[in-house]
Every structure is written in C-alpha cells, then in structure tokens.
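Same chain, two partners: chain A is paired with chain B first, then with chain C.
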Partner chain A sequence: MSYTESLSKLLASADASEGCKLSVKTGGRTYTGLMMPRHDMSAPDTLVLKLDSGFNIGVRMRSDASIEVLEKPVKAVEKTEVPTFKKGLKKLVLLGTGGTIASRIDHRTGRVEPVMSGSEILNLIPEISDVANIESKSLFSVYSDNMSPEHWQKIAVAVAEEINSGADGVLISHGTDTMGYTAAALSFMLYNVPKPVVLVGAQRSSDRPSTDAAGNLIAGARFCVDGNKAGVFVVMHETIGDDLFAVHSGTRVRKMHSSRRDAFRSMNVPLVARIDRDGKIEHLSECRPVSDRKIKADTKMEENCLLLYCFPGMKPESFEDAVMNSKGVVLAGTGLGHVNESMIPLIRKATEAGIPVVMTTQCLEGTVNLNVYNAGREILAAGAIPAEDMLPETALVKLMWILGNYPADATESIMNVSFAGETSDRRVL
Partner chain B sequence: MEDYEMMCGIEIHQQLDTRKLHCSCETTLHDEGRGNVFRKLRPTVSETGEIDRAALAQHKRQMSFRYQSCDSACLVDFDEEPPQPLNEDALDTTLTFSAMLKADIIDEIHTMRKIVIDGSNSGGFQRTSLVSTGGEVDVNGRKISILSVCLEEDAARKIETKGNEVTYRLDRLGFPLIEVATGPDMRTPEEVMEVAMRIGSLLRATKMVKRGIGTIREDLNISIPGGARIEIKGVQELRLLPDFVRNEINRQKMLLRIKGILEERNVTPVSTEPLDVTEVFKDCPSKIISGALKSKGAIMAIKLPGFAGLLNGDSGKLRLGSEMAQYAMTHGVKGIFHSDELPNYGIGQEYVDALKNYLGMNGEFDAFAICAAPKKTAISAITAAAERANAALKGVPEETRDPLPDGISRYSRPLPGAARMYPETDVPPTIITDEKLAEIMEYMPEFPEEIEKRLIAEYKINEQQAHQLIRENNNELFEKLAAEYGDLSQIVAATLTNTYNELDREGVPVSDITDDAMLAIFGMLHENKFAKEALPEIMREVAKGTEPSKVPSKLGLESMDSSEAAGIIASIVKEREEFVRDKGMAAIGPLMGPVMGALRGKVDGKEANRLLTEEISKLIG
Partner chain C sequence: MSYTESLSKLLASADASEGCKLSVKTGGRTYTGLMMPRHDMSAPDTLVLKLDSGFNIGVRMRSDASIEVLEKPVKAVEKTEVPTFKKGLKKLVLLGTGGTIASRIDHRTGRVEPVMSGSEILNLIPEISDVANIESKSLFSVYSDNMSPEHWQKIAVAVAEEINSGADGVLISHGTDTMGYTAAALSFMLYNVPKPVVLVGAQRSSDRPSTDAAGNLIAGARFCVDGNKAGVFVVMHETIGDDLFAVHSGTRVRKMHSSRRDAFRSMNVPLVARIDRDGKIEHLSECRPVSDRKIKADTKMEENCLLLYCFPGMKPESFEDAVMNSKGVVLAGTGLGHVNESMIPLIRKATEAGIPVVMTTQCLEGTVNLNVYNAGREILAAGAIPAEDMLPETALVKLMWILGNYPADATESIMNVSFAGETSDRRVL
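Let's look at the complex of A and B:
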C-alpha cells in the first residue's frame, strides 16, 4: 500500500520527504513533527509524524490539508569505534550475516532492518573485548528465512579462510529461524574443522535493552576461547534468564519455540556444554579437541531436494511430480517413520528411478525404526533409507551434501555414517 | 511575565479495570511470586549516538534483576513473546476520557517504546501511546490545560533490593494506565490538589478505573522563580499533594538562599577528589566508623571550604548536608558525616580537630564531609556528595525525587533527558475512524456534576452530601447501596460522608471495608438487626476483619424488640417521675439522651422517641 494520490501530490508539491520537519494543518488542527515513513498498516490518507515529545502520531490528511517543510533532514553521523586489541587474548572472527541479532530500528525512519555490522554489534558489548580480540566482517544482511544453500556455501568458504589464516575460532551472527539448517550445513561442509565455529543469534533485537544478543555472543566467545572443542556449534540461552547459556551440536539443534530466548534445544543428545554468566564452562559431551590443521570446505550441494511432512490422507498424486522431478526426498514420517500405505508405491517409484527417499520422524525425539510394524517393513522394502535419530532438517541438508559430493550409489551407505555427530546408535535417558 | 510564587504541573496515572494492555492477563495483584528469572538490561544508543544520562546512571550501578511470575503474568510480561495490539476496552476508555476533556483525539495511534532500564519493565522500555492532545479542565473557574492523554503500561512491582540486584513481580506489569499531563498552570499548593481531584473524578466517571490504594499515582513538576524543575514521582496520597508542593517550594527557596550566601563568600567549586583519612580515625569509638574499619573499609573525606553553616545551620533551616547525603546514599551508603553536625555520633571534638588539622583547614567557613564504607563505595558516595555541594553554587539542580510518607521528598536520580522513544514495531497502529468517534460520543458517561444532580433528585440527599460522595470517590458505592436499600439512602449518604471521615480520623482503616461488607451491613440494618445509631461501632468491628453478620451479636448490639425497649424506657421515666410531671411533654427532649444511652443503639432513634412519648403521655395522662 502507498499514500493516496492526493496525499502523494501534496507531499510532492511541498517537496516533503522522510526526515523533514513539517508543519501540517488539517481539520482545524496543526501538528509539527518529523515526517516518518509510511507504516505498512497505516491508512493511505494518513501521514506519520514524530512530535518533539518523541511520540509518533498518524494525521489523517483531510481535503483542507496543507504541508509546510520547516527543515530538511539532517544526515546522522555514523560512529563506529575501531576496536583496540589486547595482548594475550585469542583471536576470533565475527562473521555477520544479518538476522534479529543484527537488527536495529532506524531512528529516523522507524524501520527495523538486519543492517548492523559485526563491529556495530560489538560496540554495544564493550565487555566482550576482555574475552577475546574479535575482528568483525560482514558477509551479508539477511533475515534467516531468506538464507539459501548459496549463503551456506559462502559462510563455509569464509570460515575456512579465517581458520586457515589463523583465527582461533569463528563466531557467526545469524537469524534464528533457519539457524539449525545453516549449522547442519556448516557441520557437513566443514566436518573436520579444527577450531570452534559458533553460530549465535538473538530472539530480541540488539537495539532493545533486554536483548539476549550480548549474553549469547559473550558466551559464544568464551566457548571459543576456553572450550577446547572443535566443530560447528550453536550457542543460545539455555533458560529464559540471562544466566545460563547452552552449547549445542550443529547437527542436533532445533528451534523449538517461536519466541522464547531458550527456544533452541539439543534433540536426542545432551548439550555439548553449559556456560554460566561468569564464564564457567561445564562440559557435558565429548568432542574433538582443537588442533592446528588447515581445512578445505566441501561446499557442493544438490539443491533439488525435498522435505515432505507426512500427514493422514496424504495423496501420492499431489506430490508425484515434485518427487519425481527432484534428486532426493526426505520424509518426516509419523511415529517410528511411517506414512499412509497409498504413498508407498510412490516411494518405490522414486527409489527405482534412482531418487533416494530418506525416512525421518516428525516426533523429532527418538529414532526411526522400520522393522517394528508391517507398514515400516513395506516402506523399507520400497527402498526408503531410515535415517535413525537424525533430525528431518539435518537429514535434508545431509542429503543435499551427499548428492553434491559423492557418487549416487553411495548415498545409502553414507547417509548413516555420522560425519558430525548427526546420528548415533544409542540414546540414553 | 506573570508574577507567581511557583509553577506546578501534574501527571496523573490511573490504572484501568480491564485486562492488561498488551496481553490477555487479568489485572490482579498477587501476594506470592513464583520462581525468579535473572536478567540484565543494557543502555542502548540514541539517534544521536548518545546514551541517556539516567540510563547511564543505572547501568553504572551494574544492576541486575530478578522477575517473579504469578497467575497474572504470561510470556509477554517476561518479554518472551511479542505484545498483542492495544486492549480495546482500555483504548475506548482513554478515548472517552479524552472526549470528556474536549481534547483532540489523534487520527491514528502509534505505540512507542519509552526506554526505562531500572528493571521495572522487563523489556527495558515502557509501551506508551499518545491518544489525545490539547484538552482542558475547569477547576474553580480557572482553565487548566491538558497537554496530553496517553495510554501506557504500568511497571512491574519492586519486591526487594539486595545489593545490586532488584527483584520485581510481574503481576502489575502491563496494567493499562491513563496518563494525563497538565500544563504548568497551577499556582498554589491547594490548587494542585483541586486539579488532581477534578481529574480523578472525571477518570472515575468512566466507570472503568480501578479503585483503592496504589491505583492512582501523581507526579508533580514543581519550580519556583530562579529554581529548577523538580519532579516528585509517584505520590499516592492525594491529600498530601499540597504538603509536597509547599515543602518543595521551601526546599528550593532554601537552596537559593544557600546560593546567595555562597556567592557572598565568593566560594568556588570544591575538589571532588576524595582524600583517604582512615588513619585519623583508626581509634575512633564511633560505631559506624569502627564498624566500617573492622570490615576493612576506609574513611574518605572531601574538603568544603566556604560551606560551614550551610550543611546544617540557621537552626536547621539550611540543610545542604542532607541533600548531599541523599546523593551519597544512591551509591549504597547509609549516609555521610559533615562538619556542621560534629562532634556527635561518637565522633569527639578531638577527632574533628585532628581531621581539620590533617586536611589543613582553618578558614572561618571551612567545612568537610566524610564517609565510612568499603573504599570503592565510600569514594563514589563522597564524590557524589562533593558534586552535589558544587551544584549548590548554581542553585537548584534538576532532579527526580521520591515522595516520603510525611510530605517531604528524597533525591532519587537526575531528571531524565527528553524521553527516548522509538516505535513499538510489534504493535500495529490503531486507526480511529469517524464511526469510532461517533460511537464514543454517543456513549459519553455522566459528568460528575450530572451525577451530583441525579443523586440529589433520585435519592433525596442534599447537595453537599452528593458533592462530597463524588469528590471522595464514594458515589458508586452509594448508588449500589441506595439501589438495594432505597429507604436507607439518606442514612447511607450520611454514613459514607460523615461516619467515614470520623472513623478515618480515628485511624480506623475504612478503606479495608469492602463494598460487599457494606452491602451486608446495610442489609442487616434494613432488616432491623441493629439500630442505625450502632453503625459506627459496627463498621469499626468490620474494619478489624470480623464477618459483618457476626458483628451485632459479638458486640451485643442486636436490636431490641419494642416491648423490651418500652420496659427500659418506662423505668427511666419512672426514675424521673417528678421531672416529667413538672415539664410535661417538654420532658421528651431532655430524656432522649439517657434513653438512647440505656438502649445502646439497639433501638432506632425514631422508635425510641415514639416509645418515650407514649410512656410520658401514659404517665401524665
């Protein structure tokens, strides 16, 4: 939506634009304030002004409306301090990719954009300079819903470069919606990474006093510095308080709440570690220790893969074209890995055509087992590959990666080899 | 320029009786909190790249917070879920109230975030929306301008402060508040109260506001010519408003007098670098000093050349020392000692002399202040005191002050800069359509003066009673009672005005008597379970927490039937037979006193009068 034609004309003839100080007269009232951008949900005949008191108001521009520009906008000066590095601290690199953690409101326009550079984020957390010397680089500024395999590849290449040029660890600020997918993708692309690679995000944007970004970043940096664990991890709040932070394995982590700070959970495995607000690390599972090897990122991906969520009454004809035109399919089946019997012929058709079909469980917790029920045995007989206790999203990313890097006939055997802790044959209470 | 002694504007915050403003929780308070969630809040950078001075002062104290849950708190209150759009009932009430003030209602209401990082808002900001501007109220013939009416969230309740950690309960967070700000138009302390009462009665006329202690709070903005704007935040007792205003005027006048004296003495700013004088006091018997030293603390001093007699002088009329102590106290100490009050508190003259000697102070007006505490704390506290002393050279510093129960106030923090606000991007703007406005105008509530007229006409009470009922916020209860027991409406009116006030003056917590209890009391009166003369005694007992139905028997106040009463009256008449025969029917008046005393409120006055008349006429035939 945009302004009404008459309001657009009125603005144009007054030469008024966002950030201008205006005097607006309409319906017998006069308001003075800065012109704000149109709110997506504002009425089209309404102009949003920021008054001197700081309040925004919407003024409906009636037929008698007049606008006078009192002042032109003043361009804000960007202030970023160059960090000073301290002797004896480890060197980390913060790669910025966007997301809520990099989001701030533009005080002039009122828009929220994931535009903060890594150094801007670090500027808000001066105390992090006591943990490590952090150099920041921006890769891109996207919300994670717009991340694609191409973005994963760019991140993986950048991480490998930083580690090969001496970084003791890499922090990646990332949107939380698809952080689990990126973490899984990096886990495979960098499966023998010799240093910690930590994704951090925020459920509350960095321009809010209550942001969780600072706590997550500091905890992530501390883990990189003192954790002595190599691999791809996600560090986020373990509770809704700012006092406990969880380190998750990149292939086992899933966003399990749409808004809470403690949305991220490790599925089917214990946490890698827990960090308290004073920086004390409690190690909870085994990982490779850090080493000084060089690394090459295996970034090839077969993007033409599907993840289908099984449901009662699912009809094969609705999915046949999509399945047969893909290079690989992951099913999030019910229970131990089931789908209604009318889908089984489609599974067989796909596997016979060389399109691998991987079965996971939409229960998320627990493993797939196709030997227990008749339905399972038939699905197995139709050629499906059971993915044990691998998360459906991780299985999708892994399938893309296997198809991109290995010969087609190796898919089944590689699918259940654990490259980055994505699956295991035992689950404990 | 207008000649005036003072300027005062007020901001009134009134809780609304709806669900919470940005979630669906009930607006109820809870005696118990559950769990505690640890949080930190960080100052954020403003548009100009600067951090607000009040926010910075908070952050410097390294505060952290704990939040308790309860049944009326949800994920929104914990800042764990985005807010919901403005509560419709709360918005309608604010629109109605704005219309009552003839204010200009904003066409499209945008919710903002006002940065507050003292922890009282879990998100670090208060959500607030400007609803109208340019209203007015008429108070005793003077027009008082209403600058703005906002709809905002109430803050969480502070439960306790331990060191640098403050615990809040989330029950109150998110209660809708109407915030009304007047222009700086009031010129006398009494007018401040009159305006507050008028606005309060208009708010209550919407019938959507909460009642009782803490549901309405006032902020005062006071300045005198040559003084500075002082904000006294969160006064709950309306009747103390004039005291707060008067005391603040006097405080500012005192500070201006001190400024004059300092100018006369040609005093220049003192050094704010504290000196470690622990050595001087190492054997000092003062409990505070020796206590601090035992726990490895230090005694830090500042020199105050030129300040003697101003810290506490002119028989206590000049009290800069107390102002300095209040600044020091915000840094976590219990207070400071200064030269105008020493020797005292176990610090003998020999220590005063030794310190003066140590500091090399011998000028006529030389003064000093010391602080005993852990060294870091003592340094920051005494430095703040020195900075406050220097501010006295300029007169009155702008401050936010906390109200104390006796009508005085205490320094709390610097006056915040212009409110830091930015849009609450999670709440869509609310368009106020012409249809909505028409609907609001159609359902305008009765104004207080209309209610007054109606009460007089409908319930046959007098004008003064009706006025008082409304002014004291008892008109709704009156109507509830009078609607139920119409025959008692005049007794109800007298009870809610005179009896209430008499009991209040006695110290009876009248406000603890619930509406339901009042209904029960008048129900019993209606059924003649006791006589109306016993009402004060009954209410005293109910205020103590006794179940109303049990009170008459507990106090032995059950109504007497007429024959029993007639017997008692007969014996009184008999005892005074001679007097009665002498006076005839004129004896009724003088005898009513002893009769009512003997009946102890168990019989209604009218009935007693009837029985007495009967008895006398029987006697004299």
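Let's look at the complex of A and C:
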C-alpha cells in the first residue's frame, strides 16, 4: 500500500517526510500537524497528521492540495560524550527514570516510546550547560503509570547518595502521570532534605519541536542553582507558552489536565516560586534554605494500602474484603469529608481491627471538617482520621510511609503533623 | 457550668446571645464569628466562636475584652402560608430534597441540621416572589452525602410530573456534596427535557447571615424565567461575593472546594451562562431552547457499578472480587487514561465476562486518549471503553443508566454518544 502518484509527487516536491511539521491546504481548509506514516486503513489519497492536541487526523488530499514543510524533525542526537564541566557552576545530577520527557515519537506507529538517556536529553538542550554542570545518570526507564513504591525507594536512595556525595541539587526526569505521587513519596522519604530535589517532566516528547522538556529542565536547573530552597519540588510549565514555569511543593501538586503543558497545579497553597524564561525567580512561599546537612532516606513503605473514592450507590460489601485485608485506607469523601451512612459500619470495623482509615475530600481543594454535620461526627466516632487539606494522593503516600516506619497506633498523631508542608497548620478547636 | 461573672456581664451588656455574629477584641486581637453555646470542655472565661470558615475557635477573654454584636441571628420563620400568586409571572416549582440550603444551625451543638421546608426557605427570600410564582414541594430531606440512585429516581419522576403539568421550570434545592452526581443522573433520566431544571444549594445554611442560599435560588429562578434554555443545570455562586452566579451543565459540573461559595466549576466546557445580581444573563454556550414537549423519565439504573480511582501500588487482587461481582466499572486512570500494567489482566477478565470497563482520567480536565502510548493501546485491547473528556462521576452515573436501560453489549456505542453534553464531539482518527 502506498500513496497515490499525485500525492507522492506532492510530498516529494515539498521535501516532506514522516516527522515533518506540515501546513496542508486542501478543499478550502488548512491543517497543521506532524506527518505520520501512512495508515494501513486509510485511502491512498489520505495524509495522516498528528495535531498539536496529540490527535491524529486523516486529510483527504484533493486536486487543489498544497503542502508546505514548516519544521523538519529534530534529528536523534548521536553524541553521548560527557560535556566539559565549566568552572564556577554548581553541580547538579540528573536522574533519569523514563517518561515522555525521555521519549521519541515512533513515526511508524505514531506512538511515543521511552528510549532516550539523560545525556541524550541534555544534548538536545545545549544551553543548559551554562546554568550548571549536570551529570546524567539513568536509574531505570518506565512510564510513570507503571511506577510503584519500589521505584520511589530506588529514586530516594539515589537522591540521598548524590546529595551526600556533594551534589548541589538533583533533577529527576519523570513521567507526568504519577509525578505528584512520586514527589510526595520523596518528600516523606527524604525528610528535611538539605538541597533542592526537582522533578521535571514533559507533556510532549523531547524530540518534538513543540516539546516542553527543555523549558522545564532549564527552569528546574535554575531553581536548583539560584533558588536557595531545600525540599522536594515539581517544576513544570505554568502557562501553555514557554514563558513561565511553576515550582510546586512536592506534597501539594496534582496533574489537573491530561495533556496541556500547564497541567500541574498547586492545590490549597500558593506556588513555591515562579521562574520566567530569563531565569528570574519570583519567590511566592517560604521554604527551608539550602544547607550542608547529610541525609538518609527512610524508604520503608507499607504497600498494602488503598485509596477509595466515595460515590452515591457505593456498597460497603463491594469493598469490605479489600479494606479488611489492607493495612490502611484513604477515603476521598464528598464535601467536607462525608460518606454515605451505609459505609460508616465498615469504617468502624476497619479501625476496630487496627486498620487506620484516613478521610480526605474528593473536592481536592479545601479542608476536611468532620465537626460541622452529624454525619461527620459519626465518621469521627467510627475512628476515621481527618486529613485536613491534604490531597487524597498525598495522604495515601503518607499513610504508606507512616505504616512502613512507625507503629500503627501512632498513625493518627503523625498523620496530622506536617512533615513536608502536606497540611496547613491545624486550627484550634 | 457557666461563664465567669465578668464574661457573663460583658455578654449581657453587649446584648450578645447564641447565634449572634460578634466582633470580639481581647489581647490585642480581633475575632469575628457566630457565638456558639458554651463548650463543656472550655474554661469559663472562654467564648466559642464559629468563624466564617466553619471552624470553631475558643477565645480566652482577658480583662481588656470587649464585645460588639454585628448581626442578630435570623429568626426562624413561623408563617408557612402559600404566597399570593402574581399575574404574568411564570410558574416554577421548588422541589426540596434537604441539604445545607434547607438547614439551620443547632446552636446547642454548633452543628447544622436539615429542618427547613421549601416554603420556609422561600419565606426567607421574599424578593423571589417578584421573579416567578414558585410553588414549593418537599420530596424528602437528606444531606446529599446520603443520596442514592433511588433518590435520583424520585426526583426525576417528580420533575417530569411537574413539567408535564405545566411548570415553566423546576428548581431543586439539594445538598452540595453529591449535587454533581444528581445533576448528571437527571440529565440522563430526563433526556431532552423541554424546560430548565435547575439544582441549587448552599455552602452556608439558610438561617445564617452569610448564607449563599438566597443568591443561588434567585439566580436559578431568573435563569428559569429568562434563560430560554432547556436542560439540567446547576446554579451556584461563581465568586465568593454575592455578585455573580454561574450556570453549569448538569453533566460537566464538579464540586471543587469543600467549603467555598464558589466551589462549583464547569470542567472541560465553558459555563452555560453567568447571571449578575441584577438578573442580567450572559449566555456563554449553546443549549436547546425551551419547548412544550411532554417528557417521560427513564429512571432505571443499574446500581451495582463501581468507580475506582487508580494509584501506584494498586493491587488487582484487592479489587478483583468487587469488579467481577459488579455489573460495570469506571476507572479514573492517570494522565490520558492509564493504569499500572498489573491492572490490565483484570480489565480483560472483566470485559471478557461482559462487565464493561470505562476509562476516564483522574486529572478531571482534558480527554482520555488511549492511542498515544503503548500502555493505552494495551488497555484498549483489553476491552476498556475510553470516555473521552467525560468526568469520572458523570461516566459512573451514565454507566448505571445505560446498564439500566440498554443491553450490556450496546454500552460502548452508547457511552460515547453525547446525550446531554457529557462529552465533547469525538474527533476523527
């Protein structure tokens, strides 16, 4: 199967090939997108374009069709030699874990594959070598939907090693899907970390002209170098342009859009900082300053924990075995932290069996308050632990960490101490 | 137990009693809040105030303390007579279902109790009688955390009856916790409803000076009267002031803050309309106009459906029994609709057993796209149904409705037809 003769000629005369960004005019309309391989199911006069939205579209090329190449594909970088270190610049380590940021488009399938090493990514961004001396190390390569607590542990150990070996900061390239969970896990495992630890990712693979990887990595590196803030952070686009980058607290950040560059948002707190394209840092909230303390990673996690989202019609019997066979449960209740009253006996049964049940809100913003309504009081009486304004995902990760490192009966008191900014100060009664 | 003599005198001289809004100055600080009953556990020199945030605070009254009454509590309304109907105004029906909007603060406990009827609410808002002739009927009185599909069915039947009996629109006063779920359920049950059906609620009970109930009800009534839009909508504060009110599509709205007045947001779509305090309507998206068609309510629901939120460390064995004993499952995956690969065999097992598995995104904004990454392709191959940019909660309600009214093997084709604006138009391949 191949294109029609006229379409083949048109492509040849425009010097258009797979991976080029094209402007295609036909039938009075103009389409802009990456040229994909011919689709086996498409007619021979149809060109498949990947739009900026990520969607593929089949364009039937009429006799009036014209093609213009807007951009050639970024060539895969061959050189992988370590760049020369520049005197006077701080030393950062880039830990590669996979994800879109380390991916290339496979033009045969139009899909994205994780293949690039950290040095390959850095080689695509030569200007970053003016910001810091960055040493690249690959930990593993997985998309973040497949990250597990075991991966968090490997990352935490590696970060602690690099910081104790003298790194001024650590960048972690990571898939975006579960970046918030990993950031929370590192925030607890690396309690009181003395340097900046910055997760960066991309919503478009690094070999695409439209990639957001470069902007995020450079902003992350600048924050490590000039921010004087210690902790675990996520640095991603604040806007859909390449002009502003947001620094989020690792325990407060959530992916709030499936595809936009500005998908990440700080929930219930202001940004830590904002970085513009010239590297100027606007500080928006307080953090501990950088220090030279040594750290160790407390990486133990109780993996057998559940996050359950509450909904009308939820039947306690559907979840009873899962709850009673777990070591701890986070509920994302409605509103101020409510559940259907039919769920309350299961909460009581779990807590009486020593299985902590933590209450968060599926609103995601605002705080849990179980003292306003009778329903809340009954949930409290059943032994649930209100998690204030902690994100459900962060509460899950924290519960795994508490149960891995502390006796189970200390869960309630530890849950509401803010270890890494994960809850706002508790109010007095 | 009682207050100290000096505090009792201070309260008496300020004419302050439980339920009054007070400004209290002591120790160089000023506190503003509702005066609560004395707390048995508090010291006799401590006054308990409920802050606007809903939190109670104990203020120790020093010798320098002063008290000013800012507002007296709203008196419970005794008269419940039906107001005289005004000629020329449209006829609306207010269906009461309970919730904060129908609640009073119990000053003995500081908690909120659902006690008011629809006519009591209307009597607190005399100016609404200039907007429409509103007949009030009470369906039941529950907080919305206890709403179930059975409640949705009762509401849908009542709405259809009122519209077929000549109502120009129906207002439904409803708790805010699960208002979005109910709005989605009514959107499907009342397919192509010919009149406006508007859910309204409140984040502060109707007897509080700070209540948002009046603003929401008046804006909802004005939209019914002047909007010329048919469908199921939610009308709530767009801002924290009393100046702008948002009209949301019933399938696209989500409570995104546990306590703020402006908690409700339209996800993935613009607002339907915006209403200012003078009743001016700014139309922001298209809807069917009002008509005189009769309707019937298709209220059958398959209640045995699950909404499962995916997270790192999620174990398929925890959820296998729940999934295999259900009639249908909605997953809130990460990013574009991904799950940990360990979950994919369970998706396959369910779909092969005829249990539909619908994929949504826990990002809440943006669309599911299972064609970008290999992981997504495997999830598709396992038989999952991508729900585009449908909210997870709306997908759950729609799945219940599809399984209640159509053969199970029609689920995929029906899931991605937009019945009530719940998905954006499908893109072409």
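Methods note: the second predicted complex is superposed on the first by the 338 of 429 C-alpha atoms of A that agree within 3 Å, B and C clash if a C-alpha of one lies under 4 Å from a C-alpha of the other, contacts with A are read in each partner's own complex, and residues count from 1 in each chain.
One rule holds in what follows: a contact is a pair of C-beta atoms (placed from the backbone, for glycine too) under 8 Å apart; a residue touches a chain by one contact, two chains touch by 3 or more.
This structure is a prediction, so every number in the text was calculated from the model and none was measured.
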Field: Per-residue contact with chain A, leading partner among chain C and chain B
entry: C
- prompt: Given the touch rule stated above, what does A:58 touch, chain B (first), chain C (second), both, or neither?
  reply: both
- request: Please indicate which partner A:236 is in contact with in the superposed arrangement: first for chain B, second for chain C, both, or neither.
  value: neither
Query: Looking at the overlay, does A:259 come into contact with chain B only (first), chain C only (second), both, or neither?
result: both
- request: Report for A:393: first if it touches chain B alone, second if chain C alone, otherwise both or neither.
  value: second
- prompt: If you stack the two complexes on chain A, which partner ends up touching A:46: first (chain B), second (chain C), both, or neither?
  reply: first
Query: Is A:124 touching the first partner chain B, the second partner chain C, both, or neither of them?
result: first
- request: Scan A:171 for contacts with chain B and chain C and give back first, second, both or neither.
  value: neither
Message: Taking the superposition on A as described, I'd like to know which of chain B and chain C A:403 touches: first, second, both or neither.
response: neither
- prompt: Can you list the residues of chain A that meet both chain B and chain C?
  reply: 39, 53-58, 110, 112, 259-260
- line: Residue set of chain B touching chain A in the complex reads 37-49, 55, 64, 75, 78-82, 104, 106-110, 112-115, 117, 122-125, 128-130, 134, 148, 150, 418-423, 425, 428-429, 431
Statement: So, in the complex, the side of chain A touching chain B is made of residues 29, 36, 39, 41-43, 46, 48, 51, 53-60, 76-77, 79, 105, 107-108, 110, 112, 124-125, 203-204, 207-211, 214-215, 239-243, 259-261, 277
- prompt: Of all residues in chain C, which touch chain A in the complex?
  reply: 39, 53-58, 110-113, 143-149, 152, 175-178, 181-182, 255-260, 263, 301, 303-309, 311-315, 318-319, 321-322, 325-326, 332-341, 361, 363-369, 371-375, 377, 392-393, 396, 400, 427-429
